[in-house]
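Consider the two complexes below, in which chain A is the common component and chain B and chain C are the respective partners.
Coming up: the complex of A and B.
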């Protein structure tokens, strides 16, 4: 058990440190969400005046959960991209030739995603503060939000890993980038659910990110009416566990097939 | 053993045994099935049928035990260019269950062993091809494997780097490591391997020590260069009892060729026989068959032209 823990830590450390050395992968995960935050905050802040818009101190504080979840999506996607690169360029064979459990190879990489998710969420929350975001929920709410975002990143990373393992194609992983926005905009990331169109509202109910965004919003604002914490925790943890299992199965299927 | 790769029978009915402590050279052109076999033996690929045991463990049923026993340096040194040599060694150590302090010490030792101490903290992306190969070898040695698989370890290397790697492989073998080496270089197989297996189109077509294989093809040739024109006929008479004389070549009136199993040992009797007949000799050379001759004999084409 200790041995596998050492393996997972080593792989997680490698995944995270390499991520910070690959500017073309890292930059979008930090910069894109902030750019979208700037556009949304300046362009649609008038929505705050609409009926059904919750009573909240600042619009930035309302939309920052969307930014955090977007970061989690991108962190997850880069996990899959990096894994596909490892497979395509042969590095993954080095890992497969080592006497470690196949699940540890998946979990180790996702540990790196967890670390990246933690750093990203903390970074976004800090950067938003000078632009008017405040977090009445307090320090514990901030810590819980960061954790929730990181677990969500693990879930998304696991989906991306499963695709990477199945296909082993770096170019395919890069081409699924637009789906990040589909997932983001079918969740109430920047508007409350009642203000979404009926079709989007129906879709949002099936999107696990909906519950994560709302839970973080509820936590940060200190208003549980804006989002149920346990629904968010359930969605994030459920997604992470189910998708990690899926990625592990994908790896086992790949090894059986080759 | 059989393995199909994308509908192609990459390895077909292969049956071979590598002895404990030897260097086994697996020789064949590109696409012959060398890498497929290495991938099967290192548990990266399942054979479609048949079985294989490495260090006493079945590669399918006891894959983990096989992985604990082997070190693998695959073709083209797949090393993350963003990591440093030391980081890679420490990660590899963790994969093989070494504790942190032990991993640190092992990384330092191995960097020294492969001559990368100064480059150990630099990113691998800046390494030369030879440095990458040496690091790849060090990574394969982290857990002191009993069997080392080297898949075309010197492809693309300059002669100096190639020699350095050969020295290291010999040293490892001297320490008791069994080495399974695939190569498309005849010289590499001749220099390193105790025994050689030749694979062509997925089948093992010849196996033995380089000397045995070469002797199966033909006997060595003794080339005698005479000092005087017109001595050739007398020289042929003098040498006729020592082996099989080759027909006299046109345009080489001072040259006599004799095929003899004795090889180098035939030099002294040949010189004595010529001296007894008062025939002056300019030089004597022995030409042995090469593994390329063996390859040509068993596959019908030379190594370069045998790519599938």
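Coming up: the complex of A and C.
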């Protein structure tokens, strides 16, 4: 048990350090969501004039949950891309020869995603502050939001890992980048659910990220009416557990096939 | 002149090669086609109510975002040119091409032309989906031509950007940088709302961003407040030429550095 924990931690550290060693390639996962935040906050702030828009203190703080979830999506996708690279270039085969549990290989990689998710969410919340974001929910709300985002990143990272293990193709992982936005756009990432078009509003109810976005929004604003914390926790933890199991099963299927 | 003559068959052969990939690799066109449709549906679903605000030139938000999604799709197709080149560099094929006695520009001209050809698919699919969902086409045939010129021109620019990134990083892992460059170029414009509704720094950025003019050029097809005219056409064409010139220069410098 202790040895497995050591393996998981070592793999998690490696996953993080490999990503940060090539920071120019990691930069988009930090910069793109912030750019989108800046664009949405400036480009759509007129939406506050719409009827049914809730009374809020800061529009930047209102849309930042969408940015955080976008960051989680990109962090997760980066995990899958890095794993596909390891598979394509043979490193993963060497790991498979080690006397460790298969699940540890998956969980170790996802530990790196957890670390990346924590850093990313904290970074987004900090950077947004000088641009007018305020968090009436307080420090505990910020900490909980960061944790929720990191767990969500693990869930997305596990989906991406399952695809990477299944296909072993780096170029395929590169090309699924746009698909992660389906999850973002089918959640009330930037406007409240009642202001989405009716079809999207119905669809959003089935997207677990809807509950994560709303929970973070409710936490940061200190207004539980904007999102229920426990629904968000349930969605994030459920997604992470289910998708980690899926990735582990994908690894076992891959080993059986080879 | 003789260099151009020897470059042409090479560029055409590489153009055919990049189109072959679409036929041989199942689903090669899928991401570049599905992603802009997702964006079209997602953006219009998220922000559809914005067209009710004063200052919006049309009451159909879908009509506003169809050209945006067409440009995104074309841009992804262009960026994919860079990703494919990075793969060829990583796998050693490009090194072999570099020793051929042909102008180096022909080695990237063919794939970019391939990208431009491929971009017709997402542009058309997005347009058809948009029209099926109720987008308008007040610009008629002239507007449609403008939309296609804007999309294919933007694809060529994105292709040059992708190739520049591939020559710089020489790894497929630079793929997200190529795609996100396209994202940023499009987002820092009048992507979601017209300039009058932009607030703060974005209004200034959109004003300076050449893609704003390219979008306006394309929006002549679908936005009733932007009728087809030379005033909406020239700035877009100039913006495309300017961006192609700058990235083309970067690519030439990158090519010169390859193998040296």
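Simple rule for what comes next: the second predicted complex is superposed on the first by the 256 of 258 C-alpha atoms of A that agree within 3 Å, B and C clash if a C-alpha of one lies under 4 Å from a C-alpha of the other, contacts with A are read in each partner's own complex, and residues count from 1 in each chain.
Here is the rule we go by: contacts are C-beta pairs under 8 Å (C-beta built on N, C-alpha and C of every residue); 3 or more make two chains touch, one makes a residue touch a chain.
Because the structure is a prediction, the values reported are computed rather than measured.
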First (chain B), second (chain C), both or neither touched by A:234: neither
Touched partner set for A:54, first chain B, second chain C, both or neither: neither
Comparison of chain B and chain C by chain A residues contacted: C
Which of chain B and chain C A:256 touches, first, second, both or neither: first
Partner chain in contact with A:38 - chain B first, chain C second, else both or neither: second
Chain B versus chain C as contact partner of A:184, first or second or both or neither: second
Contact residues of chain A, present in both the chain B and the chain C interface: 22
In the complex with chain A, residue positions of chain C that touch it: 30-32, 34-36, 38-39, 41-50, 52-53, 76, 80, 83, 87, 169, 172-177, 179-180, 183-184, 187-188, 191-193, 197-203
In the complex with chain A, residue positions of chain B that touch it: 42-46, 64-65, 67-68, 70, 72, 74, 76, 78-80, 82-83, 87, 90-92, 94-97, 99-100, 123, 139
Parts of chain A lying in touch with chain C, wherever the complex brings them together: 22, 24-25, 27-29, 31-32, 35-36, 38-40, 42-47, 49-50, 78, 81, 85, 170-171, 174-179, 181-182, 184-186, 188-191, 195-197, 199-200
Chain B partner contacts - residues on chain A that touch it in the complex: 3, 6-7, 9-11, 13-14, 17-18, 21-22, 86, 89-91, 93-100, 255-256, 258
